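Look at the two complexes coming up: subunit A is in both, with subunit B in one and subunit C in the other.
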Partner chain A sequence: MPKALQRLLLGLLLLLPLAAPAADADYFIAAKANEQARLLQDWAAQPDPARVELLSALQQGRIAAGDTRKLRLNNRLRGLVDNALASHQLLSADSTVRLAAAQQLQKSAQPAQVAFLDRRFASEADAAVHAALALALANLQLVDSDPAVRLAAVRLLGETGDPMARTRLEALLEPGVESNAGVRTAAETSLAQVKRKLLFGELLGQAFSGLSLGSILLLAALGLAITFGLLGVINMAHGEMLMLGAYATYVVQILVQRYVPEAIEFYPLIALPVAFAVSAGVGMLLERTVIRHLYGRPLETLLATWGISLILIQAIRLLFGAQNVEVANPAWLSGGLQVLPNLVLPYSRLVIIAFALFVVLLTWLLLNRTRLGLNVRAVTQNRNMAACCGVPTGRVDMLAFGLGSGIAGLGGVALSQIGNVGPDLGQSYIIDSFLVVVLGGVGQLAGSLWAAFGLGIANKLLEPQIGAVLGKILILALIILFIQKRPQGLFALKGRVID
Partner chain B sequence: MKRRSLIKAFTLSASIAAMGLSWSIQAAETIKVGILHSLSGTMAISETSLKDMALMTIEQINAKGGVNGKLLEPVVVDPASNWPLFAEKGRQLLTQDKVAVVFGCWTSVSRKSVLPVFEELNGLLFYPVQYEGEEMSPNVFYTGAAPNQQAIPAVEYLMSEDGGSAKRYFLLGTDYVYPRTTNKILRAFLHSKGVADKDIEEVYTPFGHSDYQTIVANIKKFSAGGKTAVISTVNGDSNVPFYKELANQGLKATDVPVVAFSVGEEELRGIDTKPLVGHLAAWNYFESVDNPVNSQFVADWKAYAKAKNLPGADKAVTNDPMEATYVGIHMWAQAVEKAKSTDVDKVREALAGQTFKAPSGYTLTMDKSNHHLHKPVMIGEIQDDGQFNVVWETGQPLRAQPWSPFIPGNDKRPDYAVKGN
Partner chain C sequence: MNQPLLVTASQKAGPRWTLAIGTTVLLVLLALPVLSLLPAGHSLQVSAYTLTLVGKILCYAIVALALDLVWGYAGLLSLGHGLFFALGGYAMGMYLMREASGDGLPAFMTFLSWSELPWYWAGTQHFAWALCLVVLAPGLLALVFGYFAFRSRIKGVYFSIMTQALTFAGMLLFFRNETGFGGNNGFTHFRSILGFEITAQSTRAVLFLLTVALLVASLYLGWRLARSKFGRVLTALRDAENRLMFCGYDPRGFKLFVWVLSAVLCGLAGALYVPQVGIINPSEMSPTNSIEAAVWVALGGRGTLIGPLLGAGLVNGMKSWFTVAFPEYWLFCLGALFILVTLYLPRGVVGLLNKRGEQ
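Entry: the complex of A and B
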């Protein structure tokens, strides 16, 4: 009997830590928002490993697995949950979890957590976590009563490029806050250091946005560089080729979702050949039926292709509706890469920059290393001579126009990943595309490359100074001035080949 | 010979057509109702559902026997997000189709564009969207919110402890009259609360803007200077790339909450909302509001979307301007019954003080003099399913102040509708 009783007691004792979080959860749910906030702050200051499960469930917006009661958190509570969970995760055995927790605490730790953080800091074995914790502590130690601790904290903050460190140091340097002269001078040096690092990150960020915008302009304009640049067709329907590519992506997404849902992560890759084929097919059809009758008559071509663009827009409206369609980003194109504390490079944009360069390379190889490319160049340089040498000029025209349209379709796939897909998609890129090709120099692939990246970076450098609207106007004015001075664009074909 | 037969054929067909026309006129003891919403272009994302909601409401009223014993006949036109085209289409509705009333417009610039037409021809327009105020036309009834029914309470919430006690404000908007005026009012309001100019940043983008890299980077930089909130008056499909960029650059609502005045359930349909959980919107109605009137309203809408096979019908949602459209049409129908006429002057008189039990859970009243609804204010946080969780509400309808007290000179404005104002 006593043995059984002992067992029962032991069992109950063992159950106790399991029962505690359940009680915590009930208490938390029943509490008012202010009490919930207080609870979370208490928990953050005195972590208990048994509560991790509850806190991670709360972070995901539920109470526990299988618990169907409604949980309503607001932003303030969500922030406190993040902080409390990070505090608890410092007790984890996994050093990567601890590191992430320490990084979270750098942002959110409260003065009440200093004692706990101090203990963890003393016992932490992993070097990376140790350093991260030192920084989290330093933020809180700026108001420590011991000047030596403050001095060490200020010095440590100077080594980060964290935007928050700048604010904290500036607050410390406000008149009447810091009395110790040594700490003040150290804070000034640290502040200068942090500012330098932040400036570096900012410049890198601007350069990256410029490159990213440039890559998008390049993808939009590359097809036009062939149809307008090489063939000389003023193709107002070029934007609609982009739009067709984007809609092809949408259709592929739906089909993949329906028939091979396990491959949905990779649907943009499947969409690439489809978009190319659709746009190229439509492009070749247009060339054979309409445009070939208008070679050498630029004004009629302009009007005819403009009419075609309206027809294509309306056709898409009839087929898919006038509203934008949803093209979702797969997981590998969402989120971003944290390079510096104030610089995140979104994956979608990194991929698009790489993709743009890949398409340029592909186009260049096609034009310079294949028989089709040779024929295209021959026909654009001297049609009659090429025909005399047995080049089937009509077929080459068709294929070249198809190639340009197909490349625009590839651009459409990329555009669908960062912007809206609607019938008017092409309209917003057609002007930019012509600007790039004209600025780069008609007939030159390299010109388009430089012009696209140049325009992208110039746009992004101007935008923070004078705003998006004025920036666009100024760029346009600058291009007009440039073309006045140099009508042939950045790069001009040299020699006698101009027709 | 040939020509004569052609003429014969023509006269024959013309007379048949004329006969058909006269029949339809005889059979048509109907009241024509105009619907003026963009069904294409940058605003289609928001306005298309308002057109469908108007059609559903009209169908429901017709199912109950119409108004004054006559069925309503909707006339739908598409002004294509093209502001001058709004005026043209509005004139067409009033002079050619001779509609009794028009439900339409979303952006303030489109409303400003049709306003002279409605005042000149003494038409009647129901405008269902929150806006910047500074207007009170006798020819317009405003069923959306004025700034004191949306923008000001939202900022007060951000200042409160629950809202995160924001100290700095990043005002981001599309470049036209609504965001600029709202931000002017908000700036004056923030000044009155002791927020200095260095803690307020104002940025505008063109309609249809799609590259938000620089702006999101700037928000991040600005937010390092203290607890920041973004107040977004971005309109139309630009919201999709804006929210995508926020998520991709890792800016979370717990760090910098974004409160939007033009983003509802419909706009969120096109986005994966998981990274956006916690960002806010201020409206006078959310689909998630729990009351019997709303359950019926939402169920009706879902059934309607399915029956009409609207795009994305399986995920059909309701939102605030849709509710405002629904309330507006019902109030107009009630007023027509009361006035026993569709005459604009009589209906206008009958509308004053009209009440309606709205899906928001409140009985809304059309003000006796200022042409605006009394509305409750709600602030919702985005959930991972694209719905909003109401975190704060006023608890009772507020009277609109179309002439904001935060704009100098407005205290001298009359509190009733005057032409040309």
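Entry: the complex of A and C
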């Protein structure tokens, strides 16, 4: 068949609004690559809901939904398919589909689609989709030959808070790109506007990662604060309790995968009690065998627990190897919540913040609403007097140590979901969690809470300005200065005890 | 324990024994470098490896002694002495790097394509200024940190934690390439010191002798301090700070003096360590190293001056043997050492020997 004739036929076909989808598919397959590209462009400019099925099949490399034959498309065609499909999906009734389509169009839309996008833009009811469409439309109009259209596009871009709008505007403001002075000034104002909105998102993002870091510090330091307040000893092996919790998660993951693979989605939930039990068990064992014999000698306890931590680390290294082990996120913890165009909050971190607060609440209830908690508080305030009143201080010590270690184990489960799990895991958190305890004051839940979140946020806010290392050093210096003013930490127990 | 243990020990055992053992050890140490100069193949020849190993342990022994001064006498457990040690080492390393690179920039700076030396490198081509830095860098840092720490009466575990955080921060800082101290790799590939080739046997022998001299000098200094009224005040400060204050003493000055002195001793030890071992990098500042120094002191016996030297020798000797024979079990051994010493040897080996002597 001569080429001209083929073209004519295709053109005729496009003029027929009632062309059946099956016919579309046949023509598409029969056409050469160039023709296919033209077809796709035309379809993108004039979407027809009937073609969605064909296009989504094409996107997956098939000819029709049920067809198993593979279709080879080059990169350009694949891009065009995506674009055409997005164009069609704008007609969808589902707003999330429309949003995804509009975001795709921001990247791929062609000038021929302006009229269609304009119509959709005018009739779109969903705010998020509306904003995304505005950006897609503005992207196209920026290259229009009419300055008035460009001006409108620039103003439109200024109203969005999208990182892409910034790159677009910056490209436009490069020397020699835009000749019209009015458009340039408008672009400058819009750029400033966009930057302001983006800055807001960035700051929020930093604050969020600060909260996230704070929640981890909180999980790491909470148990430490309890044992330090109660026994007056620093447990240098506390970081290793985190590590044990993380490794317990790893083992649970493997066991669940092997024996109950259908529950794999919920293995972190199974790991929580296991990790708590493992860490608490090891903690109580340590308290009974070593730490108990060192009461009243805090510096020696520090050294002995350091020895314990060395042994635990090496034992884990021999058992699981020195390399990091792989702990996978279940599906419901991966992905994130898009709050602003440049701010995505990962679900795993959101869950961990909530989890940390939940653990604090539980600990608070345990310390303030149970018999054990009463005993722990009594011993913290005055060991001798509590013993005189019949509090079994030895048992309380053991249980409190177990509780503190168990909380660290829970922290280990949380850590395994966002970081690497290796034998040195605990070492990297131990100094920070000590600083939380020092800053927050001993035996104080509220102090630990404020200190952990404060340190986390301060760390993350300083990081982009002066770098992570200098930020850490500055924070250390600030803590030393702070202790000048408040030697007992943020929240001190009031008392008149002197040695 | 009203008197420093060393004093008690020497009084009990009689000056004869102390003197005899001390002199023997000293003679052996003085003989080592001489024997190392013997021609290779001679039956009495001491290899360069042995000499370096013993020299390294002697440097650690000085650190242990310095730590004993603050921990054993003033009751301040520092977990950051590795920082002072490394600072002294880095100060000496700066000179050695300048010496190795001649008029040009040290190799790692050319690698970072820097065109000129940072300001704090000024003058480091002079040995005398490098020596000043060896004393000043750890001394000033200790002075500033100590001033603030003692002013707000930070003590006990709080003090330990803060010093640990300090050395940790130092390590992070020195790991950065931008800090200008060779980052991860630190300083190495030294060539000469004061014009003498650094790997030559004679240079090694002299450095070794200097280390022995510093050790003896710091031991003498510590001994004099411990016997003096100053030492008694320190002990009182350790045992009952408040009572000491009620007696009209201001503990801050005492603490600050012994703290800075200890830091400077560490710096000097580091300065002797670097040319002998031939490398200094930020891992020397890692909290692990500093806390290991605490176990040397604890094993030997706190507040005894001799004990820490013994402890440093024992632990490091064991470490060199273990890391060759059973590298995987060394950490178990070290961990067990930490636990057993604190549980069963609160006065260390020297305390154990003393008890024997009393019985």
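As a working rule, the second predicted complex is superposed on the first by the 353 of 499 C-alpha atoms of A that agree within 3 Å, B and C clash if a C-alpha of one lies under 4 Å from a C-alpha of the other, contacts with A are read in each partner's own complex, and residues count from 1 in each chain.
Just so it is clear, a residue touches a chain if its C-beta (ideal position, glycine included) is under 8 Å from a C-beta of that chain, and two chains touch if they have at least 3 such contacts.
Please read these numbers as outputs of a predicted model, since none were measured by experiment.
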Exercise. Does subunit C touch more residues of subunit A than subunit B does, or is it the other way round?
Worked result: B
Problem set entry | subunit B versus subunit C as contact partner of A:V469, first or second or both or neither | both
For this session: Once the structures are superposed on A, label A:V233 by its partner contacts, choosing first (subunit B), second (subunit C), both or neither.
Result: second
For this session: Identify the partner contact of A:V344: answer first if only subunit B is touched, second if only subunit C is, both if each is, neither if none is.
Result: first
For this session: Could you tell me if A:S212 is touching subunit B, subunit C, both of them or neither one (first, second, both, neither)?
Result: first
Problem set entry | Residues of subunit A contacting subunit B in one complex and subunit C in the other | 469, 472
Problem set entry | Of subunit A, residues touching subunit C in the complex | 228, 232-234, 290, 293-294, 297-304, 306-311, 313-315, 318, 431, 434-435, 438, 469-470, 472-473, 476, 479-481, 483-484, 487, 498-499
Seminar exercise, completed: Note: in the complex, subunit A contacts subunit B through residues 33, 61, 72, 74-76, 78-79, 82, 107, 163-164, 166-167, 202, 205-206, 209, 212-213, 216, 317, 321-324, 326, 328-329, 334-336, 338, 342, 344, 346-349, 418-420, 422-424, 428, 460, 463-464, 467-469, 472
Problem set entry | subunit B - residues contacting subunit A, complex | 39-42, 44-45, 48, 78, 161-164, 175, 203-206, 208-211, 213-215, 217-218, 220-221, 224-226, 237, 240-241, 244-245, 247-250, 253-255, 257, 269-270, 272, 275, 277-278, 280, 311-312, 381, 383-384, 389, 391
Problem set entry | Contact footprint of subunit A on subunit C as seen in their complex | 71, 77, 145, 148-149, 151-154, 156-158, 160-162, 164-166, 168-169, 172-173, 175-176, 240-242, 287, 291, 294-295, 298, 328-329, 331-332, 334-339, 341-343, 346
